[in-house]
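Multiple structures follow.
One chain, chain A, appears in both complexes that follow, with chain B as partner in the first and chain C in the second.
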Partner chain A sequence: MSRGLCAYAITREHVLDLAGLPDPEVRLITHRGLGLVVADVDLAPYADLDTDPARAMDEPAEDDPLVVLARRHDAVVRAVFERQPVLPLRFGTVLRDPDAAARLLADHHELASRELDRVAGHREWGVRARHARPVKPDDTPPAGLSGTEYLARRRARLAATEHTKRRGSEAAEALHAALAGRATDTVPRPRRSPALLLDAAYLVPTAQEPAFHAEVERQCDVGEVIVDVTGPWPPYSFARLELPADGRAEAITHA
Partner chain B sequence: MDGSSSSLADVLERVLDKGIVIVGDIAINVVDIELLTLRLRLFIASAQTAREMGMDWWTGDPFFSPHAANRGVEAAREPAGELEEQNSLLRGRITELEQMLGERDVAPVERGAQP
Partner chain C sequence: MLEEYAVTPSADGLVDLLDRVIHRGAVINGDVIISLAGIDLIRLDLRLLLGAVDTTVEEALS
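Take a look at the complex of A and B:
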């Protein structure tokens, strides 16, 4: 096994804008108004991957083979997403042949069409919020405090910490509620840091985007939380289907 | 607001862990991809656990929560009683089942012996 059909996304049948694609090999396999974005690829680089994903996420290196392939996947999905709604496929989806691709579209025509309608006219935005102030204050007591003074001081510090923490959480909740109100759908994302008060993805209609960003600004102005926004993304976090494929089971391992 | 940015970590998280999954034969099983995905899932799961633990470090830190130590002791005591109770219940069930098995004189069947 050396070559396979790498699949990137399900989209609507259209004429691919080849100029926008990072790879001229990318093409569309169509079936009744749907299209599967694919490319003939050499599978060896995929099969030889041995990157530790945790390390790749913590210490990203652009020249890592996994990163190169993941960037390429993202670039293809994005290029199509510029013009048409897409349902991104999980990285590393390799189909046996064009027939398999057409069968996939045929078997899941209704579901895929419905999901494309759902994400059409939307873009995904990632939002993270964290405390604007350190929650754990510097607590080195000055020398020469009496016992009572020390305890009073400690109590004040505890109250202040609790207050900061609560205000931050409330601000993050308010932010989420406001953003969710502008979004068609929202999913929490796995939080990469304990310090994050909010880490979620929002599926936002393009018409709502100015209002969505205005909500972010508004909450930033309050000053309790620092907000990071990423995007716009193709709806990666909202393509949550598992499509079972019928027929013979055939697991081809790398030779 | 720090502005819009699509960091590499964000790209990886989305591309490797999100998107439609095709299950079944028409997808070629590139073993290492499966492994990567699995490892990423484990990583994300453990990050999640870390967050959950991190989120309540307040309650576990005796400085910030002087009752934490006491709560720990109580918590340790209570489940022990519960466990004992469950244990005796389960023992009772096992005895019952053993008796039923004895009455019927059913020979233990090897798992997988039957098609």
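Take a look at the complex of A and C:
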């Protein structure tokens, strides 16, 4: 038993565009208008993974086995997302058999349908903002300052730093408010660096995308923050379901 | 239009991808074999799967 049914996303029942998929094994298991995107995969590469995810996040390498599998997962999700709304499933979701897949769709039909409707017509965008100016200016005092001069200089520097920080934070807050106004939903992302003033994902209706990007440009023009935008993404950050499957193995409830 | 500010280093893009694929997305618990937050759990469960197909994870763990 080294094969399993890898599940990638919940979508609406449709005819898969096989040409767009990275893997001919990918297929749809359907139930009353819903579809679960699955592929019969060799589980050995998953079982052999020994990448530390935290390390992969710090120093990602394209040839890392985890990265290769994650890219494949993303490629499948994206291919379906080109045509239909999707609720991406977390990497490494493996089902026992096609019956389990159909049961999953049956058990959660209402919730999954509702969530698909919610993300339909939307794409996810990631936005990060950081200070455009260095927060800590070069603080090497010139030689020959008196003690009083040194302290006055130090105070002025601290005040300038506080001012820069505050203006950056305010710009980031204004940006977030403007973007959230164009988005249906937003979630903060874990800040990987204290230098980041904003790191969030936005679920944006496609009709609002030009306005969304215009807000980014507007805030860039102000010049307080540098903004990085990533996307469009399938709505990974907005598929926040936890679907308990009824049945035998209910003991699996890791957080 | 977007290119003006969306210049994201590729390594950064990969981090974004990993974060989304590994840490986001709907989670299925229960009679699904694996699907969880950490790779360690995925590995653990896979080994159980590979070793004992018809044993529930609970039994396998005990």
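The rule is short, and it goes like this: the second predicted complex is superposed on the first by the 249 of 255 C-alpha atoms of A that agree within 3 Å, B and C clash if a C-alpha of one lies under 4 Å from a C-alpha of the other, contacts with A are read in each partner's own complex, and residues count from 1 in each chain.
Quick note on the criterion: a residue touches a chain if its C-beta (ideal position, glycine included) is under 8 Å from a C-beta of that chain, and two chains touch if they have at least 3 such contacts.
Worth saying up front: this structure is predicted, and the values here are computed from it rather than measured.
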item: Superposed partners chain B and chain C on chain A - clash or fit; value: clash
item: Contacts of A:211 with chain B and chain C, given as first, second, both or neither; value: neither
item: Chain B versus chain C as contact partner of A:180, first or second or both or neither; value: neither
item: Partner chain(s) touched by A:161 [first = chain B, second = chain C, both, neither]; value: first
item: Chain B versus chain C as contact partner of A:132, first or second or both or neither; value: neither
item: First (chain B), second (chain C), both or neither touched by A:96; value: both
item: Chain B versus chain C as contact partner of A:196, first or second or both or neither; value: first
item: Which of chain B and chain C A:16 touches, first, second, both or neither; value: neither
item: Residues of chain A contacting chain B in one complex and chain C in the other; value: 1, 4, 7, 10, 43, 46-47, 49-53, 56-57, 60, 62, 66-67, 70-71, 73-74, 87-96, 100, 103-104, 126, 189-190, 192, 216-217, 220, 227-230, 233, 236-237, 239-254
item: Chain A-touching residues of chain B, taken from the complex the two chains share; value: 1-34, 36-37, 39-40, 43-45, 47-48, 50-51, 53-55, 57-58, 64
item: Interface residues, chain A side, partner chain C - complex; value: 1-2, 4, 7, 10, 43, 46-47, 49-53, 56-57, 60, 62, 66-67, 70-71, 73-74, 87-96, 100, 103-104, 126, 189-190, 192, 213, 216-217, 220, 227-230, 233, 236-237, 239-255
item: Residues on chain C engaged by chain A in the complex (per definition of touch); value: 1-2, 4-8, 11-39, 41-43, 45-47, 49-50, 53, 56-58, 61
item: Touching residues on chain A, where the partner in the complex is chain B; value: 1, 4, 7, 10, 43, 46-54, 56-58, 60, 62, 66-67, 70-71, 73-74, 87-96, 100-101, 103-104, 126, 158, 161, 165, 189-196, 216-217, 220, 226-231, 233, 236-237, 239-254
